[in-house]
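Each of the next two complexes has chain A plus one other chain: chain B in the first, chain C in the second.
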Partner chain A sequence: MTSKFTISRRDFLSTTAAATVMAGVSMPKIAFGADDVVKIGFLAPLTGEVAAWGKPGLDGCQIWADWVNADGGVKIGDKAYKVEFVPYDDEYDPSKARTGAVKLIKEVGVKFVMMLGGDPWPGAAPIAEKEQMLFSTLLPSDLSPETTLLVAPCEVHPIYNVTGVEWLAEKKPELKTAVICAQDDSLGKPSVATYLAAFEAAGIEVLGKPIFFDPATTDFAPIMSKMLALKPDIVCLDTCYADYVHPLVEQAFQQGFKGQMISCTADFYQKMVEKTSKEFMEGFVFQFPDFDDPALNAEHVNFRKPNDFYAEFVKRFGAGEWSAVSWEYASIMDLWADAAGRAGTTEPVKVLEAMQVGGTGKQAFGEADWWGKELFGIDNALVGLWPVVKITDGKARIQEFKSIPAWWDKHKDLLIKHMTALDQMYFQRG
Partner chain B sequence: MHKPENKSPNIVGFIGFVLLVVVLAVLPHMLSFSQQEILVLLVINVLLVCSYRLLTLTGEWSLAHAVIMGVGAYASALASKELSVPVPLAMLIGASVAGFLAFLLSFPLFRMKGFYFLIASFAAGEVIRLSWKWSDLTFLFGGPKGIKRIPPFPDFLTIDFYEPVNYYYLCVVVVAVSLLILYRVEKSRIGLTFHAIHWQDKLAESVGVNTFRYRMLAFVISAFFAGLAGALYAHYVGAIAPKRFDVEEMVYILIWAIVGGTATFYGPIIGVVALTILNEVVLRSLGVDEMRPMFYGAVLIIAILFMPNGLEGLVPKIKNLFTGPPKDGNRSLTPSQATE
Partner chain C sequence: MTPELFFQTVINATYAASYMALIAVGFVLIFGVMGVVNFAHGELYMAGAYTVVALYADQGFPFFLAVAAGLVFVGVLGLLMEFALFRPLRDNPLGGLIASIGFLLILQTIAVLGFGVRMENVPPSTQDKIVFLNGVVLTYQRLYVIVAAIGLLTALWLFLRKSKFGWALRACAQDREAAALQGMSINNTARLAMFIGAALAGVAGALTAPLVSPTPFMGHPVVVAAFIIIIVGGLGSLEGAVLVSILYAFVHTFVTTLYDGTLANIVGLLLMLAVLIVKPTGLFGAKERA
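Our next item is the complex of A and B:
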């Protein structure tokens, strides 16, 4: 897929220089009129226990907007539009999401709404349908045949978790057993099904049943004790929230675990290193890189200037604030801006058509396919390469980009089997 | 405990009632789209917190009320979605199931009082809530993701109840009738017995009052209306999940009741209205989303420090500003003192 709209920093500088020269004799080339603003809704948890997957994403979006606006804005049709994000805290609650969707669409006049997804999505879904508004989610488990205006264009949670297990099995074939724990909720369960499939595909035996703990849990010592009693080679922390990953890792450290740990996320991992030790965290595998990683400068990576983005994020908010979602919403905006530019309009249905033309798209880590019919009932998830990240000497570093579709082609029956067993297929959900 | 009710025609009261009706009728048209959404949820929460107050009349504070609201929501959603029961009937079924569950819970719970009842109600509520997430029952309750695509309230003639203004009017009618029933219960002999059990349960028993049955009655009536609030919520939002009815939601109910005050019928209503406006309108309009919990907490602390009788304590003071101090010298009587 080729994009008509690309503005590099070099383009911006040359345009700006030319404009400066011409300033004395003509009007500036780049100027936003009063109406030349396109508003984008950011409907995600900014407070509460899930805020770690909302707020850092909004911070990343502000950087994205500042850069794009400084480069002349998003070119749609004959005009360049300044981008403005309008946030609404949905508190991870469907009724608040409904109110937020109404406010953003009917009062603010946004042209696209980004959500974390999960529990709040069903509250916003009828509004999306009625107002014909394009929404994005980070959680493709929200997708179903009815959600025609919902896309998961960045993260295909939890399917990418298979890449971490596959990499681990290739690099450390001596690891033969694993235990899994997760919070008992809409993020934990599909992720457990994915890890079960990935471990089975890799020939790693899962000891005992996965432990599902209540999200209200505060004492993680018994959970870790129960898992370590099985003497596993691998402790898998599934897609636990940061508030659970940290105490679980601390417990593993305090209870003397010496084996391999794997997790979907390791948000704010520097704090875990501080609480345990560099030696203990060495080799910890997860799925979300720091964007100062040199591997992100690879040619197939579509996210623009990832190292600069990370540096700017750290400068504005601090290294400790970088999380799994800091770059994700911004990468969705790359896709949206590209599609709106090609569609020549911000009209949501037309932007979606432009986004999905040809059945492929430029996902952050490379060219990807619009996929998901068998798992979600609709091809609205963009899936391709995903990085496997390992902590080395206290720093997260990408080890390899692995292909999710390649794993799926070989092992899809396993994933469907485990998803079905945990009632996570689209036709089993509510 | 109660002042004798003035049976003579009260013209001021009538004018006040008419004004209230006019305000409630006009209000949604003066608000923005999103504020209309908040208004619908606010009216539902008024019923929720008023139903909670009925139970507190007997002196017992439950931590299961949010879960009982959820029972009504789940039962109504399942009845309409799985059994194709018409939504209005499903709502009544939801409320009845919540009431019936409270009846069953009464037997173990009312073997305890005070702090022990509080803890036991929390445990019972969590058992119910966790059963919705139990993997063996996912086919029924939808597990952690709950139930989605719950049938909305059906259109009536040309009235589309998907529209918040129309649903608001529906809720206002349902809640007004419910509050009238709750009010009449409180003012009846049964309500007086609730008060008696609260303040002198041993004395009440000594004169032949079956305190267990009256506590059970308060719990069942309270649960019925909490279940009705849950049903109204479920068919409006269209999705419910166990997390929606967790202890955090219960804490909000307690905060509304405590900050508003529970000595008068209107106390919790003032609490829920004031705090909802503060949290959802004022603090959001300041554009400090991530700071809202801090501001909200600070306001609560200030309210409790400076208004220990709740916001309802302001009402007599405001009334005195207009009518002057009472001639009987009873000027400093707070609502709670008046009730006691």
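Our next item is the complex of A and C:
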């Protein structure tokens, strides 16, 4: 007996397609409705000289989003939301930052905007105020009593630079003199004030005046010649952009410098090792670790799976693309997602309240305090431990986590003195 | 200023004068023969640097082969510009200028798409250096630029003074129509001027690539300096371009070393302003360009 039930090829294909679609939409963890997406603005330089502190951060955010979304998204209230980053290239330009802020908030409908900060922030500030949008910056020098919706929850640039100098003075007390150079802009100046304070606190004399060079400089030989003529023990490259750190280091090498170098960042340092030598770069001190560093597995570190994050970053973008900011925006997202979850809403003011409840928070490297009133006029910077990193045998490794608040408690008068002298206090900035 | 710092600054300035002279002479040559201010000249310099990035840093070809390729490649780019942009707009200098701005943006975009926005790492071809007394240093990498500039500019001078093609170029620079009436091909001399002018910028970029960390936007500050040099030297004056490159590089480098770079830029601009007031045709410029 044969069955009368038959199925045509067309029926088979349509049924299979429908079943596939149904199965897809019923997947509980990784499927989201059109309304279940929370958009986050990424307003940072993606092109130009400062792109090294924007683009690698966006790349890190994509990894963060993929991981969080694969785990079911961010739980806010009784719903899980997929996170989507919407980038806008501000080209480190205030007017473009303003346009980007308007577009991201009014057209895209983002719930939070992450910026590098610095020169572009004044462009976006009026929009943040008008739209009551929560913004983050990597540069707390953007903070002032008026910037109530701006937080610096990850890095307290340039204040953490004191930890590198403090560590160096402890480990190499024979170093007695230093010279400093930086590009003449809103990143360079507060950083120079910080290094001046840190060197003074450590009993290291700064020779000559700090050199502020034009950001359009292409030949760094005269600058390095001028610095080396003072015969310093330490050459400090302040918070120079990667495009300046590399040629400056190369010049120091070519002009025969044999002493200690210290810098806020050493992005793409492998290339500097290639252009100079392992021996020359040995002992170079800076402030930003590679995240494959075993020291980041310490209990006090709050960043999720740092070694895996680094491995994924390298797999997707290459080791040479890792920069100081690759993990920073992602760590800010940890803080935001946690606060939004506790607030039960993405409403900016409520998220900020949840973020700052109790006056403490989980900064990437450990428990930290919301701080900054004396320096920035507002307690919107999250400050705690910061790593000191040294290049050893061509590889960056964390030497120690040092406490910024502990330094501040001992030497805050020095920092305020030098910030004031360079017109970098919040009430002096235009 | 200590004697060591003085001599190191002289070496730094000599290097700066060398690559600026290559760029400025190319710029002047194009302006003199074609009557066009080539705003894309800085990007030709950038294209030379990226040729070295592609061939030497990425593919491992010998450095000097990559430099030679940069010279030829950018020279050919110049021919392309002459054919596609400047020839159709020969009687419209403003049109040529605007077309060169467009080409500048195209070259920048190609570099961004091909290599990304970030600086490129070009390892030095050698880490050898000459150490003079008291630690004054001249690296071979910088010496190559100085030697190449002297060699190429001397060759260009001989070419312009001693060869028939050189005479034709100079004749066209003085009076294009009169030269045409004498049977000289305007198209051929324009092609030659563009090739040589672009190639000089290209070779400057190629030779300095290991010293400057190339980016797609590296041409901008260079072309600003080249403008100052050719205005001070006199539009159309090759000798003026060379001598003012030396003057500008020494003034800029010494002021940078003694004071700072921003002041050096201001001094450069003041120098240009002073020359424009006292001698508007430039230090070596003719009263009226033919």
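FYI, the second predicted complex is superposed on the first by the 399 of 430 C-alpha atoms of A that agree within 3 Å, B and C clash if a C-alpha of one lies under 4 Å from a C-alpha of the other, contacts with A are read in each partner's own complex, and residues count from 1 in each chain.
Criterion: contacts are C-beta pairs under 8 Å (C-beta built on N, C-alpha and C of every residue); 3 or more make two chains touch, one makes a residue touch a chain.
Predicted model, so just to flag it, every value in this text is computed and none were measured.
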Combined model on chain A where chain B meets chain C, clash or fit: clash
First, second, both or neither for A:Lys189, with chain B first and chain C second: first
Touching partner for A:Lys305 - first (chain B), second (chain C), both, neither: neither
Which of chain B and chain C A:Lys55 touches, first, second, both or neither: both
First, second, both or neither for A:Thr47, with chain B first and chain C second: both
Touched partner set for A:Ser95, first chain B, second chain C, both or neither: first
Touching partner for A:Lys417 - first (chain B), second (chain C), both, neither: neither
Partner chain in contact with A:Lys176 - chain B first, chain C second, else both or neither: neither
Chain B versus chain C as contact partner of A:Glu274, first or second or both or neither: second
Partner chain(s) touched by A:Pro126 [first = chain B, second = chain C, both, neither]: first
Clash with chain B, by chain C stretch, listed 20-28, 56-64 or 92-100: 92-100
Touching both chain B and chain C, residues of chain A: 46-47, 51, 55, 184, 212, 214, 216
Complex contacts: residues of chain A adjacent to chain B: 46-47, 51, 55, 87-89, 92-95, 98-100, 102-103, 106-107, 119, 122-123, 125-126, 130, 141, 146, 184-186, 188-189, 212, 214-216, 422-423, 428-430
Touching residues on chain A, where the partner in the complex is chain C: 46-49, 51-52, 55, 184, 211-214, 216-219, 221-223, 225-226, 229, 242-243, 246-247, 250, 254-256, 268, 271, 274-275, 277
Chain A partner contacts - residues on chain B that touch it in the complex: 32-34, 37-38, 41, 130, 133, 135, 138-139, 142-149, 162, 164, 233, 237-241, 243-244, 246-247, 280, 284, 289-290, 292-293
Residue numbers on chain C that touch chain A, as the complex places them: 2, 4-5, 8-9, 12, 15-16, 112, 117-119, 121, 123-124, 127, 129, 131, 135, 137, 139, 210-213, 215, 217-218, 220-222, 224, 253, 256-258, 260-262, 265
